[in-house]
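In this document, chain identifiers A, B, C, D, E and F correspond to the written order of the chains, with residue numbering beginning at 1 in each.
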Amino acid sequence: MSQSKITYTKDGPFFIIKFNSPESLNAMTSQDYIHLATLLKLAEKDPEVYFTVLQSSGRFFSSGADFKFISEYKDVLTGIEKDNTGGDHAARETQLTKVWLDGFLSTNVHVTDIFINHSKVLIACLNGPVVGLSAAIVALCDIVYAMNDDVYMLCPFSRLGLTCEGGTSITLPMKLGMNSTFESLMFAQKIKMDKLMGNIVVKNYKLNDTDEFNKVIMEELKTKIKTLYLPSCLAMKKLLRSSLNDELDKMNSKEVNQALPFWVDGVPLNRFRQMFHNKQRVRGQRADSKL
Amino acid sequence: MSQSKITYTKDGPFFIIKFNSPESLNAMTSQDYIHLATLLKLAEKDPEVYFTVLQSSGRFFSSGADFKFISEYKDVLTGIEKDNTGGDHAARETQLTKVWLDGFLSTNVHVTDIFINHSKVLIACLNGPVVGLSAAIVALCDIVYAMNDDVYMLCPFSRLGLTCEGGTSITLPMKLGMNSTFESLMFAQKIKMDKLMGNIVVKNYKLNDTDEFNKVIMEELKTKIKTLYLPSCLAMKKLLRSSLNDELDKMNSKEVNQALPFWVDGVPLNRFRQMFHNKQRVRGQRADSKL
Amino acid sequence: MSQSKITYTKDGPFFIIKFNSPESLNAMTSQDYIHLATLLKLAEKDPEVYFTVLQSSGRFFSSGADFKFISEYKDVLTGIEKDNTGGDHAARETQLTKVWLDGFLSTNVHVTDIFINHSKVLIACLNGPVVGLSAAIVALCDIVYAMNDDVYMLCPFSRLGLTCEGGTSITLPMKLGMNSTFESLMFAQKIKMDKLMGNIVVKNYKLNDTDEFNKVIMEELKTKIKTLYLPSCLAMKKLLRSSLNDELDKMNSKEVNQALPFWVDGVPLNRFRQMFHNKQRVRGQRADSKL
Amino acid sequence: MSQSKITYTKDGPFFIIKFNSPESLNAMTSQDYIHLATLLKLAEKDPEVYFTVLQSSGRFFSSGADFKFISEYKDVLTGIEKDNTGGDHAARETQLTKVWLDGFLSTNVHVTDIFINHSKVLIACLNGPVVGLSAAIVALCDIVYAMNDDVYMLCPFSRLGLTCEGGTSITLPMKLGMNSTFESLMFAQKIKMDKLMGNIVVKNYKLNDTDEFNKVIMEELKTKIKTLYLPSCLAMKKLLRSSLNDELDKMNSKEVNQALPFWVDGVPLNRFRQMFHNKQRVRGQRADSKL
Amino acid sequence: MSQSKITYTKDGPFFIIKFNSPESLNAMTSQDYIHLATLLKLAEKDPEVYFTVLQSSGRFFSSGADFKFISEYKDVLTGIEKDNTGGDHAARETQLTKVWLDGFLSTNVHVTDIFINHSKVLIACLNGPVVGLSAAIVALCDIVYAMNDDVYMLCPFSRLGLTCEGGTSITLPMKLGMNSTFESLMFAQKIKMDKLMGNIVVKNYKLNDTDEFNKVIMEELKTKIKTLYLPSCLAMKKLLRSSLNDELDKMNSKEVNQALPFWVDGVPLNRFRQMFHNKQRVRGQRADSKL
Amino acid sequence: MSQSKITYTKDGPFFIIKFNSPESLNAMTSQDYIHLATLLKLAEKDPEVYFTVLQSSGRFFSSGADFKFISEYKDVLTGIEKDNTGGDHAARETQLTKVWLDGFLSTNVHVTDIFINHSKVLIACLNGPVVGLSAAIVALCDIVYAMNDDVYMLCPFSRLGLTCEGGTSITLPMKLGMNSTFESLMFAQKIKMDKLMGNIVVKNYKLNDTDEFNKVIMEELKTKIKTLYLPSCLAMKKLLRSSLNDELDKMNSKEVNQALPFWVDGVPLNRFRQMFHNKQRVRGQRADSKL
């Protein structure tokens, strides 16, 4: 596990988590997402921490789940098909259910749970686009800043044979409005800054350098909190999230429930594979325009 | 029953319902609304259908309930008054309750139920203004397109002695914001494009011909869905509407409950009558400016 | 309309409603149920009333919906079939929907609404068995007394091709427990006194004369309220029903929604007809053992 | 008690409440807030009233809680410390809990309750900035008008060692969006007209004279209601607030619950005191720039 | 304040609170209830505590609010009447509201809040009858043991001109069933052991000595927890109370809301006074038979 | 995977699932539980099925999770400890989280989800005791029959360092009452027939032979459904579970969330291990008395 992909530092009341894989557009494996959740739990337990800040590096904030995990499943799935050539459908379904629960859905539920129930103020600093489960995580953050107009969110669930994940069935309608959410989710469209601004993003810094962007935000935050009584911030977050978190917990469970039959049928796998091949063909450098 | 007022065609995954009474501004009788619900149930049952599209014709999308139904009630009501001249108030109220439940409220509840629980993605193409129960139905749609800046919604409930209907007590605050909803509903004001855009309408096509508008949308939709796995769309709609539908079911019942005493007191009937006479006087051609 | 079937008297803070059709086992038509609702509204508006008491007469408290209404529908339904011989299924469904909404479901919803939202304390005095929608109404009452061990409730929905009605999908699991409710509803079994006592019935008077039973209860009630501040009773009812009524409002709408397709398919009509013929054959005198 | 600080007049269906302390920027003591609630209850009971209008005078709509109340507590708190010099922590906490429940929190809960459950349409006319509990009250109003671009709302809870009050944990996310609310509440930032317009404020009158502003609004309102059936307005408010009020009732209780330990620890008291001294130093005339 | 009326000891994971005023049947003043809440907060904060046990002494567990507080209000109320002889009704209502909020309702809300949100397992050992707010507190406990058949609960709200308090509008229907609750609350009837057993009380020890009863329970508890992993107990309580506490928070607010106008009208005061005089006449020794 | 441990047959509208491992008291591995879920999905999809019946064999209905799975984890856990000897706590936690999510919790969530959302009527035939996750599953069934007085349920979560699982945080308080649930769960006590009867079990057959018991139930069920319209049964189940399922979905997510830190800390593993050793020592034949 390459843990240096996600690192953290503490700076007074700020717990800063940083994504360090600009070369892969900060794509994340299951292990990476669980490690991110582990860091959040570290921040959760630390009584000196009041704000958990997510920063990234390079061109993308995060391009979502890493497609490379697919090749790992080839042998497993071939094995299951061989085991069940005699046609025992129930046995085959049981094995596939176990594979996908473990390989994918259990991670989703866990990471989403940890973000839903995080009691510190969550701040995301979007230096660029954010896709898939990473976009869902940003939608769960309390305050979001954007570097410039190139930032967008993309939830390509309908293109990948998936369904809403990471609480997006609650967070997107609540933050973007129901009809805009339908348009974006049904047709797997990018949600651009004109729609994000004022709804998810609270400030557009109009900068072009990620390091400067991250630095400026931290300076502003330190100024803003000077006269505050910080326990008030956590008490207010608790109140503001009070009814929402129940709803999110419920939908976290329902979302996975609805996704499982699609995984067992092999739809997302095939669509990830196809996307992976397309992506390799175009050599990565125009990856964002393909998503 | 003039069923040709509302027709449908199937085009791949699209079930297209069209209103064909431009001469009456697509006003609808009780029977028409129930027929619209029946068509939705047809779309519901058809496994090939993923999107139910509402189109209209002429200058208005729909001007709401047809005022002509009022004359039908004249004799019935006179009969009830005659039956109870001796002053048996309870008997009179029982009879009036039955008349209005059957004649009006049962239709409202049913049509609203069918729209609330429709599992296909609902798309409305607003070629012009939409009024009353028809506006409530549009507010229940998932994606709404507008032809140009002349489109507006109008819920003249406070002018007609009615109360929120068709789930508007949920959909309008959720989509337009609570305070804008109060301003529009309390004072029976038109909700114009500057307010609809981004909240209910997701795209303004800035066209002037209804046929072209309807055609362009269908072409765009066909392009948009090319790379999609359509079952994902229905699974996502199920998640997005999951908590909302419970709330809508509850309010559908409450809305009718609150409207019933107004009907029994005769308020809406008198106000519809008055409006009908005014409208006839101005000969219909400036009907929209009167609503 | 034979209003003398249901009469009322006022006695201080008590509004006493009495069913007077022992010869028909207090079966009720749509009109009768709406008249009952009208009387409740009378009690609702009267500021001197704190308790609304339901009494009956004869052997049954109420045997539920009157089967005689079926013959009325014969001509209507034949007419609809004739109208649509060419096979226009949508038109046929629209007409049937209208017929059943008006003829049955709109009444159910209304009567249930009025009972759910009644603000006075509802007391039912069960002199004998209670069936169907009348049983649902008793399950909505706040305090229930039974005359003797012959009392039972019966919700024969699964035998009649119906589904839960009158809020029973909430009231029965809440009051009888979920598993007992499943056993009783799924298999259309009588709910006898051993199950009712302590859960729905709060006192078994062990008497054999209905008039005496009704009289004894009223005497006890008058003694019980002597030292009370009656506005406290209504304030407490409001609190106790506060969350419940929201849930009941929601389910009232859902119950009708689920029943409608069964009516449109003609199932309950056929089963009522069949039951009516069976009943006539056995000449009524052993009606209860047949339900 | 200086009741002339808040007066009322009746004008047809309008119950107009006016704040008359421009010299203190309409700051309010506990007594003032309870008197405001009492006036609302007067409007509530009056069957001729359909709209309750809040007007103010001078430069601020209301600068929130009056800091002068602090000096009153000096002796009480000194007494408690003296009583418990022996170190009985539990006894000290009991006494402090009683002091703050009575002195502050019970008033907050009551005033908020009355505003949540007010059944008439609540209209606020913001002639200038509004701060603290007064801002929370405005956020509970149904329709809000602003005089010009100088209007802002400020909830400086995190600066004062408080937490959300007056239902702001519900009303602000619902009306301003969750992320904007977090930014404003966490960092105690002014919510300016660019953010209020369209979300809380429905019309910006762009005027500079408070008397003219108040007068113009009343004239417009009288014109708007001419053709309305006013009972419809109250029925619609009941529906629109139906689920919201349950949520607000719940959060009203939670908000106070979370604030109590902060009061018992003495945080808000110290911060109010400090602010009071700062304010006196700058001689009041630039008070708004300090908040 | 006589704090020795309520004392506590720690015994391993048990935090034992004991009522020590058998001579006054453990009646409690406002101060006493707040002191009880303070002790609960002590138990809450102590990481070694897993179970909070309520024990009492003498014949009653607790006879509820102490009537002696009434005399304190005589002068205050006379003062208010004198202040407002000129007939300023609003001013009078404001003052009365403040008096009762502070003197009674704010205490109720606070104590109830603390019991609702207590995270340790709450165990009540009923050595005898429990009345009023004390009964409400017992209904909020997780496990209840009874000494013998003389134990009963009594909520005489309708006799005192009060309404449900201490969350009884939720806890009693949930634990006793809705209809039994109505019977008990409406008519201010004792809830005896035949009804409590299995619903609120989980074991009847059939003992006659309070000290022995308290001792036997503690011995049994110590045996029961020997093989347990105690953090599991708190995690399970959190889950079991999860939805319930939201509901309780909401109703705590509503209950007080509904009680306030009764207090302002003077009803409970007059009825407490009357009961106090009756009680003095019978010299206390038969107090329970009078409640 | 030994699939013959759980088999199924179809018999008209009945889908009968049978546990066939009497020698291991029908203990179940993760694979077994997922296979059970797969069979439920088979029943779900089959339009001829209306009732899903769970039967077992031998002395126990099911003794819960199979302890043998523990030895499988020995090497994995040793490997994780070795990997992280340098003391990287976050990396260690990430790896442990992944192990337990996959190995245990993802299975629990999935099986619980499938039972929660099963639309056919679920009937459990308890031939003997049922423990742990299997007990949770029985608590999710709609109708439960017991063979004789030896039947009990046991949820030993507090003894194993676990927390509520399989929806028991909802189903047990709903069906057994809150206080009885607390007593049983906190102290890991058997819930015996005197408590189950009437609350979870609807009929005690008082038989001693499992085959006869299973046979008699099927005969009775076939008689009971003779006159039923079976689609009514499924429509009623949908209504009865409507609000409950939302709550169950939410708690399913919360339960796992709370259990995860216990697993990561190694508590349940150690306690399972210890129990496994104890059990081997006593040679299995008195296993039930040890649980």
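One rule holds in what follows: a residue touches a chain if its C-beta (ideal position, glycine included) is under 8 Å from a C-beta of that chain, and two chains touch if they have at least 3 such contacts.
Worth saying up front: this structure is predicted, and the values here are computed from it rather than measured.
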> Counting shared numbers against all numbers at the contact of chain A and chain B, is it over half, same, or under half, different?
Replying inline: different
> Looking at C-F, B-C or A-B, which pair matches D-E on over half of its contact pairs by residue number?
Replying inline: B-C
> Which chain's C-alpha centroid is most distant from that of chain C?
Replying inline: A
> How many angstrom lie between the CA centroids of chain C and chain D, rounded to a whole number?
Replying inline: 48
> Hey, how far is the Cα centre of chain E from the one of chain F, in Å?
Replying inline: 38
> Which positions in chain E touch two or more other chains at once?
Replying inline: 242-243, 246, 250, 254
> Given the complex with chain F, which residues does chain C contribute to the contact?
Replying inline: 157-164, 169-170, 173, 177-183, 185-188, 195, 247, 250-251, 254-255, 258-259, 262, 267, 271
> Which positions of chain C touch chain E when the two form their complex?
Replying inline: 121, 141-144, 174-175, 198-203, 224-225, 227-233, 235-240, 242-244
>> Going by the contact rule set out above, which residues of chain D touch chain E in the complex?
In response: 1, 3, 30-31, 34-35, 37-39, 41-42, 88, 90-91, 93-95, 97-98, 101-102, 105-107, 109-110, 113, 117, 246, 249-250, 252-254, 256-257, 260
